[in-house]
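In the two assemblies presented below, chain A is common to both, partnered first by chain B and then by chain C.
This part shows the complex of A and B:
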């Protein structure tokens, strides 16, 4: 799941640095993720994982780091896949 | 709904607003315009000493600048573009025939280089960027323009063409957030002087769609937008009559606005919804300005 999320970040995140150089817990906003790009990442993840973020997860915190995104997506797709 | 219609009806009946047959598109009487002019003088009295550079743009902006602004990413539903007939004689004949039979004659209209201004500050950023780096003390600008937002409504406080007075500040984060706080304090003081009950609350712009939900939540989480709310058509849902916006360095980066040392400028703007403020005054004090409280009349410079 994390790799898939990283791929989406690479495609939609508009980050000035390669995603591979960022740790799972690195602050993506500090790394240059803009507000608008975070929305593109959100839409990319919804499509890739066939999920829909509820209102309470549609915020900056959910997209703060690869770990944070993984937690959010895990809560949406169920625990089985989250164990990956 | 009924209350909104009734305020609108009272405004029509008293002649303050003039019905055009389109929701949110109204004429204004001389008395209505005079209230706005007087309130603008009150704004000048509070902000005049700050030394802002005044500029007035017409209610249309350069389409290329509008495109760069990213407005269509966030508010496609509100934008208005200016289209014109650009054909020859044969096209003209077709146009007239189409109109004759009440067909859709607008479908062949071509986009011009002009888009209706969505907020008074939009034409400012490219104008300032063209000048080069900001002066050491930052930039402060005074703007006023009719603005267009496509949101037809029978709420007189939600008009499609309305005036926005703005001060825009460019500089460091500390500088522009202090500017914003100063105007929040001044806003409270000004509205108290004209007898209006106000609250200030965190707010978000009406971003479009599901992506917009997230942009709105982000904006609130970061306290980027505040509104000064006054009851106009409803006490339960007061109307935003001023907004206080901190754009971080988003506009600075987008337009290439740089400080004297080369850093990207932060920007903030404070907007007055002039029609909304006038409507709040009429809703609160009545349709007859001669009967408004003496204190309010005095603040606005009416002779007794």
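This part shows the complex of A and C:
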């Protein structure tokens, strides 16, 4: 799941640095993730995992890092896939 | 919670409003700083009402500050906007600097000395997108240094301190920003642009080349992204809306005085313009309701950083700004149609030129197109709140 998320971040995140250089807990906003791009990442994730983010997950914290996104997506797709 | 300003505060604001009214036309014609009104704010100690009582302030809520903005806005838009912008900066300090020694001490100074705070977020090459910076703060031991081509610093020449954004360090991404407080003795300003505008002439939002040096502890301890999302976005849209509401209130009051004078001259005959006045009153109520709803939402979300940085909250605040900035123009235009040539002419008791020109700034200060673009992006994932009462 993390790799899939990283791929989406690389494609839609508009980050000035390669995603591979960022640790799982690195602050994506500090790395240059704009609010516009964060929405594009959310859309990419919704499409890839066939989920919809409920409003309580639509805040900065859920998209702060690869780890945070993984947690948010895991809570939506169930724990089975998250364990991958 | 109550939206009524405590009796003392309302009276103090009324006294400032009276001073602002006496000089509003001169401020507008000359494009000068509303010195008398700001001196009156200082005399009434209104510059520190938002600061916690423990630091010398009065713990005023945003709704109370909005009421003061509206009261002053009914007399002089520029003075009200200066007051609003000062409190928008102060909200960042109160929300994000309270736990920090230097910033707490600085808030104490703002209270004791009634310091006026200005903002420098706009930068040459970036425009109005305040969530981006080109300039970077340089940290050298215990000192920080910053040079910024600030194309707009409202009342920069009259402020006692400037809160200024920059990238967090030389290698930081353009969105990785911090905000730093520089006091007047810690910076120089070299004028680069002159604020000669259609309206809001008294905010003196000239352009400046800012050069500052200060102890590095004056950098606010939170990333500017959080400060923007959790205090600046909401307080800007809400306090600006309160100022704009004040402008529209005074325009409608002038139109109503005109209609009433006509009605008294010929009782039994509905004066021309009476129907338009009813329409204007309807629109004015919409702006009021919209602003109050926004203030309530802010007060409810205030203690919850997650809610403040949620998409739903951002959409709501964006919508408050769009609606109030657009609707006041319709209202003032209605008022002008009611009053006719006496509103179009300067120097009559019914003049509306200054109101109309000042109100035209509302759609531009953070362009409505930029805000709608931002909302439309958020709506790609955010689901509308379908409840009426929330």
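By definition in this document, the second predicted complex is superposed on the first by the 84 of 84 C-alpha atoms of A that agree within 3 Å, B and C clash if a C-alpha of one lies under 4 Å from a C-alpha of the other, contacts with A are read in each partner's own complex, and residues count from 1 in each chain.
As a working rule, contacts are C-beta pairs under 8 Å (C-beta built on N, C-alpha and C of every residue); 3 or more make two chains touch, one makes a residue touch a chain.
For clarity, every value in this text was computed on a predicted model and none was experimentally measured.
**Q** Report for A:55: first if it touches chain B alone, second if chain C alone, otherwise both or neither.
**A** Both chain B and chain C are touched by A:55.
**Q** Is A:36 touching the first partner chain B, the second partner chain C, both, or neither of them?
**A** Touch status of A:36: both partners.
**Q** For the three-chain arrangement built by superposition, which of chain B and chain C touches the greater number of chain A residues?
**A** Of the two chains, more chain A residues are contacted by C.
**Q** Just chain B (first), just chain C (second), both, or neither: which does A:77 touch?
**A** neither
**Q** Touching A:16, do we find chain B (first), chain C (second), both, or neither?
**A** In the superposed model, A:16 contacts chain C only, not chain B.
**Q** Same chain A residues contacting chain B and chain C, which ones?
**A** 34-36, 39, 42-43, 53, 55, 58-61
**Q** Applying the document's contact rule, which stretches of chain A touch chain B when the two form their complex?
**A** It comes out as residues 34-36, 38-40, 42-43, 53, 55, 58-61.
**Q** Which residues of chain A touch chain C in the complex?
**A** The contact residues of chain A facing chain C are 15-17, 29-36, 39, 42-43, 46, 53-56, 58-61.
**Q** Can you tell me which positions in chain B touch chain A when the two form their complex?
**A** Residue list for chain B touching chain A: 70, 73, 210-211, 213-215, 217-218, 221-222, 250.
**Q** Which of the residues in chain C come into contact with chain A in the complex?
**A** For this pair, the touching residues of chain C are 131, 168, 172-176, 223, 225-226, 229, 306-307, 309-312, 374, 377-378, 380-383, 385.
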